[in-house]
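Given below, in the form of structure tokens, are the structures.
There are two complexes below, and they share chain A, which is joined by chain B in the first and by chain C in the second.
And now, the complex of A and B:
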């Protein structure tokens, strides 16, 4: 990743990004292949789902609660300057949350925790030659290492982001009630929301989970140089996952603006 | 508890949350609903799915909005521009009557447009399923703003194009006001007196009118009554009078028709002679009144009267003087 190449020029950095993208794409295609053809260790997917989902639940709930509270508070402060009418605060906040923030903002802390874990785990296996041992046994490390984490991230990432979104909404409702006297019944307004927003948000959750798994696994598999290399791989996994989330958010939001029914200006 | 169970429970929680959210978002109505169609000329920004409220209570939703373009509806005889399909909970059907008002309002200052219902007279029958009613259009704020904008634009153009004239007008007005102010300041005492005089005159006029009213009121009323009676009698008798006049005129015409030219000439001569005779008589009377002549002296002279009276008195005492002169 470009993070390790601080002394390279802009053109070389762009070339590195393209090379990284090609490497990530290769891992992604092979993951999809082994998703339907591969053989996995029994119980491995459940263990990975537990690591990604259950063990991240508390961290994600706390993080999303703070994010929801901060967004609501700042929104209320700013809108108070324009128009002291908070009757639509909940409706606009929910629209924003379902359409974008719950998935995109929630995926960033999830990437820091889950992506770093995947990269560190696979990177450690690489530097200790366990991955080479798998290859010597005619087992593709993508089938044995990446696919279970991919499935776990796609499913449990979505689960965690959905729960995190509800937590953020609840925290926002609480802050609106405490700070701006907005009745929870008034705040709980679905009038601006439609099924298209929900589809778009759900799609983002699935894609972000997959992106975290693929980028982090690719960084782990590309680890070299011992324990320092594992550290670099972990950092690059987090940076790459966050970068992928932001780029994918831009792409999905743009495509969704035109294609998904009901998604558009409020 | 195994890892699989824990993971499964977390997934179930997420599915339950998401499913419940979709259920609420879909606006699934558990109770029965009936349809009412509301005609509008311009329903504003109401969209399908908008809430239908009575007071602040949601009792239904807008199912659809159809453009009719003033096409004739043979059932109602109306030509609606927009027909809105509204679904209302059956449990409130008994409370919405035939004269109910369906109008467009908003949930808050910047809120979504909704349909609000004024339920109408409880004595009237309730609205049936499939009824078509006429809605109350919301005020056209956009039109009002457009007209206000046009007005302001016109005023701005007027001010810009006639700046010098308006400046002259304003300076003239200011000068006139200054002069008027100076005039009032200079003649303050006199104006006070004038006002006092006007006030006194007004008071006196009022008193005079009151007195005249009291005095004349009965008389005027009597006159009016008499006039009214006279007019009534005239109105009653005018027909026979007019009949007699017409008959008299007809007879006079007939009599005149019987006369020939010679007779008319003779009548004119007779009338001329009569006029001359009357003039002679007037001259004689005037002669007598002036005391001239025997008759005039006898009638008009006091001395002759006294002499005659004395002669009669003397004859009464001395009747022999009729036969014998001393």
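And now, the complex of A and C:
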């Protein structure tokens, strides 16, 4: 069991990171196993999808609208200093949004919202011994608790991130029109977008959804120490999923840079 | 809402929901402002518990350095990878340094570090204050004639704001290092070219904007996490709920604040 809030050396910290990674990996493989082998409770996935999707939709739309506005405004400021030509702003923004930003930046607030919820829910089940009760009934908590959340996160995470991407694009278009006088017709330019970008963007959405579910569920299942422990597990779930998203983004983006060059038209 | 007296007509449901959401939001903004006022009134130097302040600074700031450093390094790398196709397309290798440092210092550094800080420190702070609240420790302080705001909240807020700004400086430096390394490996941009392009075009004001932003995010995280912690009710499950609400509210607040500060601090 990991010891919290103690001064540990660098190597010990590295070993702890590896241990955490192994624990997350174990939950992941078990989830995949039960995904195909497990028995499904009717309606549980739909309920989880409602939690992940519908209930975070409002929050995500507001967040993504502001993100889109910030990015366009900042890009406009930056390009105003170099060369005041905004005709390709929309095309560039759309490509970046599809390729990376909609998924990667949107996944961070999603992880905050959904990951904290999953960890708090499973964590409070653990500290009130409900998970042990499940085990007593010969129901594996991973099959019963994690798999529905995993499926819900992968599906609804992708849906929400795609919706968020559209919202961010619309907000960007609005800001470009208001602040830099870019006509929406000029802004709405699919020139730089190609199939590789779409594939990469979708892949990122799927992977982030899965990462949020697995990391948060693992943190929730590893909860100990009563109600204070639930608070800790929530914190670790948010930080862990954000960190996982950033690391996965680096990996996928590097592989994508070499495999899916994304230069040129569709 | 199990025993609703009369069924609301369908067309009134949406405005009613929007109105309820606005009322909740207004209540929270009001509560935050009152808390901010209370904190401001206690900011005279003699009243702050110095031991508590330093303890919190160490716990919140020094212990967050590894996760912030790792996040920042990856972020710097990702930024250059995403910019790489455009850079190759227009052969603008001499602008990479400036573009990467400008974006990091002004936008991405404060934003990402703010989100991670919110997940790690803000959530933890809410959990701690919430646990104290539901176990009546805060009332016990009051009974001992110790002002809980001056003793608990003010040192935490000061520590969070100052540590957020300092962590942002560290994170910026590491992110720029990561970007430099990636640009060297991926685009064959010599680190010296990268650095020269950054130094030539950056202004001190860009750096100050980043610091002001991170300070604002720090204030946002501090106020939100303390407010939700002190508002906790309903025992152990209540702590989990308020941690969740606090993290989500602070994340939304960070994005909204980022938007307005980007506009104002041109």
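Everything below uses one rule, namely that the second predicted complex is superposed on the first by the 253 of 266 C-alpha atoms of A that agree within 3 Å, B and C clash if a C-alpha of one lies under 4 Å from a C-alpha of the other, contacts with A are read in each partner's own complex, and residues count from 1 in each chain.
Basically, contacts are C-beta pairs under 8 Å (C-beta built on N, C-alpha and C of every residue); 3 or more make two chains touch, one makes a residue touch a chain.
Nothing here was measured: the structure is a model prediction, and the numbers come from that model.
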Original post:
Touching A:200, do we find chain B (first), chain C (second), both, or neither?
Top reply: neither
**OP:** Quick one: classify A:27 as touching chain B (first), chain C (second), both or neither.
**Re:** neither
Original post:
Who wins on chain A residues touched, chain B or chain C?
Top reply: C
**OP:** Could you say whether A:163 touches chain B, chain C, both of them, or neither, answering first, second, both or neither?
**Re:** first
**OP:** Name the contact category of A:221: first (chain B only), second (chain C only), both, or neither.
**Re:** neither
**OP:** With the two complexes superposed on chain A, say which partner A:113 touches: chain B (first), chain C (second), both, or neither.
**Re:** second
**OP:** May I ask you to decide whether A:213 touches chain B, chain C, both, or neither, giving the answer as first, second, both or neither?
**Re:** neither
**OP:** Name the contact category of A:176: first (chain B only), second (chain C only), both, or neither.
**Re:** neither
**OP:** Determine where on chain A the residues touched by chain B overlap those touched by chain C, and list them.
**Re:** none
Subject >> chain A contact footprint on chain B (complex, rising order) >> reply: 3-4, 6-7, 10-11, 13-14, 17-18, 21-22, 24-26, 51, 107-112
Subject >> Residues of chain A touching chain B in the complex >> reply: 43, 46-47, 49-50, 53-54, 57, 83, 85, 87-88, 155-156, 158-160, 162-163, 166, 190-195, 198, 202
Subject >> Residues on chain A engaged by chain C in the complex (per definition of touch) >> reply: 5, 13, 58-59, 62-63, 66-67, 69-70, 73-74, 77-78, 81-82, 92, 96, 99-100, 104, 108-109, 112-113, 116-117, 120-121, 123-124, 127, 226-228, 230-232, 234-235, 238-239, 242-243, 246-247, 249-250, 253-254, 257, 261-263
Original post:
Which residues of chain C touch chain A in the complex?
Top reply: 21, 59, 63, 66-67, 70-71, 74-75, 77-78, 81-82, 84-86, 88-89, 95, 99, 102-103, 106-107, 112, 115-116, 118-120, 123-124, 126-128, 130-131, 134, 186, 201, 235-237, 239-241, 243-244, 247-248, 251-252, 255-256, 258-259, 262-263, 266
